[in-house]
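I have a structure here, written as structure tokens, and I will follow up with some questions on it.
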């Protein structure tokens, strides 16, 4: 934790505002992100987030790359859930080029994105506890379940985190028999783990003391700052893109959207736990109804072997997906050539981060770190 | 087996006595027990670091250090060598004298406290008749050494950490002393040996007031040692590493040693006063003492493996608004328990304590978790 | 008592003299408070010495010392509170 | 057993010397923090003296109250009133010479008187054992009134200190 | 119920986990760390790491024809190919230089998809380290060449499927050769 401290020394004991910046090294495990804080004693007076340390020029590269070439780059956007990033890129291009996705591919896509939602929410609650000071135990319980799901991703797509599994018009490999069995096994074991996880955390007095009524986000501020995802739903606003857009085949599944009431750190934590239970419901239904059939649209067959001469028609398209962190969208303008003319990613973490100051002012230093943990950002997506 | 160590010591003394004047023999007896402690102290510290890492690892479903030595048994030796060889950096404008003085003044009290612990029947280094007061006095001097560490390392955050640690230790000392009062009152004397003798047929922890006093004493001990739920002084997520930010190499090892020895002494004292010291059915007395102490140390490590950290104002609130009144009520209940007898004694005291607990939780409304309900949208 | 009484009395007078010197000479208010602590400790040593060797009932000296310690702590508390208030108003705690 | 008492005497004289040296340091050192630590040394030395005079309870109380609480107060005061690492300002005012002379004169006169007067040392008082329990009993029986008064005094001091040192002092005092 | 109950219940969970780690099997809550260097986890077949070039039987007749498609398709552009020319300057269907910079490659597997001649596939080799940045991690042609048997060993099902497909193409080509030669077929 790099500390550059400038002490405004005004002599009198009580007016000493301390200018700290919780530096880019490790503001408690959230990547390279700096918070410039002015402290009066323990309470935060002002907070300026400083980002851009992990900017890799993803959008410019995508404009000089074939369409399929930037699919592996989308894995690196929010490196915690690469499947949902691929999903949104595939959806945008399919909307652009009017490609019909076969049934089985759609089911596989839904299963994969719900599995990433489990991985993300379980790790985020773990890291939140880590910011609170629990010495890595919740994180390691979360990682035990995450390992099982990452093994499935490896078996299905070839890589644990950088899956590069979706293709325009379907998916790259088919879901083999024992992969399906492994997924059923994970999904059946997850609720038992979740109950134990909740027994460890939800009623824990210290967690309640540290999280309740801390960093309260009012629904009006959330809507005006276009916050999306669990943060928005924790403040009580009912907006889940799976229900609003009904993209892909989400309308076939019966699931509910949990909403909080107060909108503080505790609500954000608990809404994520409830969302995990809903995802499990979707997974069970999807695993039951998955049909046989081929996994790649007929229209895209010639481009499987020659991705470079895939030229979507002229035009623009924007598709969005309920990523675990919020509304993740990709906007593409194509000029008929195999390279997109304009490529832009709407990153939920970046937008959820803009209100960090309003949440943190007035709280203590310890709370600022916890609020940052509850906002759940991944720097790959914030800086792109 | 019970008097094993005492036997060894008397044998040694008689062997020495043959060719030495008797006053030199008494000096030697003091020396022998002193070296016994000087060996036992750092040894427990080394293996406590290993036990802690192994136990927390097992709680997290992983193995813990097992590369160095058979089951990782040589890990503390490896850590020790690493600490010795690490370069010892003193910050530029820091006060050299203070920077050196702090680790010494924190380890000395940690070792001095061992003198008063009754390891077994007849195995107390110095059975002072002000034993407990000696323990409190010595453990209160560590506040100064934390200040010296904070001020000596000339770093704004070390100072902030030191201020926080001292405020925490001072405010947790009061309920700690008050939670000891009922035990001393019933045992009738300050010396640890007498207290253990008073618990021959009934351990204090099994009496209602003893149980509450034990919990309060144990929580305050954990806070005094800056461990787990109260380890705000070295909260990595907030300020860097508290008062020992600027220390490295052997000086940091001394801080580390002091912390673990304090863990041992606090648990040992809790075992002595509330869990009947070395009383136990048929196993040798010193084995019972070590067993109880290590169980309490396991509970401390268990805290560390599970509980998140308290914020500074909640920490203070807990000490002044919850533990202190609870300890005062406990003193009254212990008096009532001592005076009365029979059924009304136990039920009266239990009822009184439970009522006090309820009233206090009601009074501390902002800290008690509130019920939360969540709606589910169907559309 | 292992050592004769006169030696202890000499020791406490020396301590007392150092305390007096400190109070007279020190510019810093806290320095003066420290010297006052020295004086009180010298007095306590005397009290305990007398109670151990000459007094009719041994406890009077010790009880007296007990109260002196308590009051000295109280005095230090109030003194330092005043020092803080003084520092806040006049920015320095030097007596001249 | 005489060798033991000889060693003990040696120890006590050494402790006396150390305490005096620490006292001189506490009074003359330039850096105030070092003075405070020297004072801590003096206090622990004095507690050692009590032990030498078989007053264990007093020694422990002295360490607990002085070293535990008063030293913390002093160090807090030093930290709040001094900027981190401010230069060492001259600590002694001009009358240091006169002060030394006055103190030396005081020592000479009192020392002379002390040395000559035949103190009525009673043998049985030296050997009588006086443990913490006797102290407790006398506190509760003969000296119970001062015990209660000291409680009230401490309570008053508690409130007084807080009111005086309160951070948001009334607007008038603030510049 | 009472104030500290949440904390106690949480602690019982960690205690249960601790006891389980001694007695249960890895699946239901037991200890699942595997001692890496001594005991290795079974590798998944589709696991993909750095690419490698396949040759049938001897390293000379490798399948790659230096058509440069994978170099164009590779997103981070880490493949570098120079065609081989025989003595009198006629281009050969073999690469003289085929370098892959492993520090740049991100194992995305697009070269495997884009290659029409089944020449480049993803390997399971991940324990690779180099002492300096450019030196040993820039793999040349001979470091990349691996036999078909190796391919069968690491990815049995895919290798078998590809081999059968190649046999059929071979058979079809033979069949075409037996019949009268048709006008030169368009680019395959």
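Couple of notes before you dig in:
Order as written gives the chain letters A, B, C, D and E; numbering starts at 1 within each chain.
We adopt the following convention: contacts are C-beta pairs under 8 Å (C-beta built on N, C-alpha and C of every residue); 3 or more make two chains touch, one makes a residue touch a chain.
Note that the structure is a prediction, hence the values are computed from the model and not measured.
Contact with both chain A and chain E is made by B.
When C-beta pairs in contact are tallied for each pair of chains, C-D comes out on top. When each chain is reduced to the average of its Cα atoms, C sits farthest from chain E.
At the centre of the protein atoms shown, by the Cα-centroid criterion, sits B. Chain A and chain B have CA centres that are 43 Å apart. Centre-to-centre spacing of chain B and chain D amounts to 29 Å, using the average Cα coordinate of each chain.
With centres taken as mean Cα positions, chain D sits 5 Å from chain C.
For this pair, chain B with chain C, the centres built from the Cα atoms lie 33 Å apart.
Within chain A, residues 12-13, 137, 141, 144, 200, 203-208 each touch two or more of the remaining chains. Multi-chain contact residues of chain D (touching two or more other chains) are listed as 57, 61, 69, 76, 80. Among the residues of chain E, those touching two or more other chains are numbered 3, 6-7, 10, 13-14, 17, 32. Per the touch definition, chain B reaches chain D in the complex via residues 21, 23, 26-27, 93, 95, 97-98, 101, 128-130, 133-134, 136-138, 140-141, 143-144, 147-148, 151, 154, 156, 159, 163, 166, 170, 173, 189-190. Interface residues of chain C facing chain D in the complex, by the touch rule stated above, are 1-3, 5-11, 13-22, 24-28, 30-31, 33-35, 37-38, 41, 44-45, 48-49, 52-55, 58-59, 62-63, 65-67, 69-74, 76-78, 80-85, 87-89, 93-96.
Across the interface of their complex, chain B is touched by residues 2-3, 6-7, 10-11, 13-15, 17-18, 20-22, 29-33 of chain E. For chain A in complex with chain B, the touching residues are 1, 3, 5, 7, 18, 28, 42, 129-137, 140-141, 144, 200, 203-210, 212, 238, 240, 243, 256-262, 266-267, 270-271, 274, 364-367, 369. The touching residues of chain D, counted against chain C in their complex, run 5, 8-9, 12-13, 16, 19-20, 23-24, 26-27, 32, 35-36, 39, 42-43, 46, 49-50, 52-55, 57-58, 61-62, 65-66, 69-70, 73-74, 76-78, 80-81, 89-93, 95-96, 98-100, 102-104, 106-107, 110-111, 114-115, 119-122, 125-126, 128, 130, 134-135, 138-139, 143, 146, 150, 153-154, 157-158, 160-162, 164-165, 169, 173-174.
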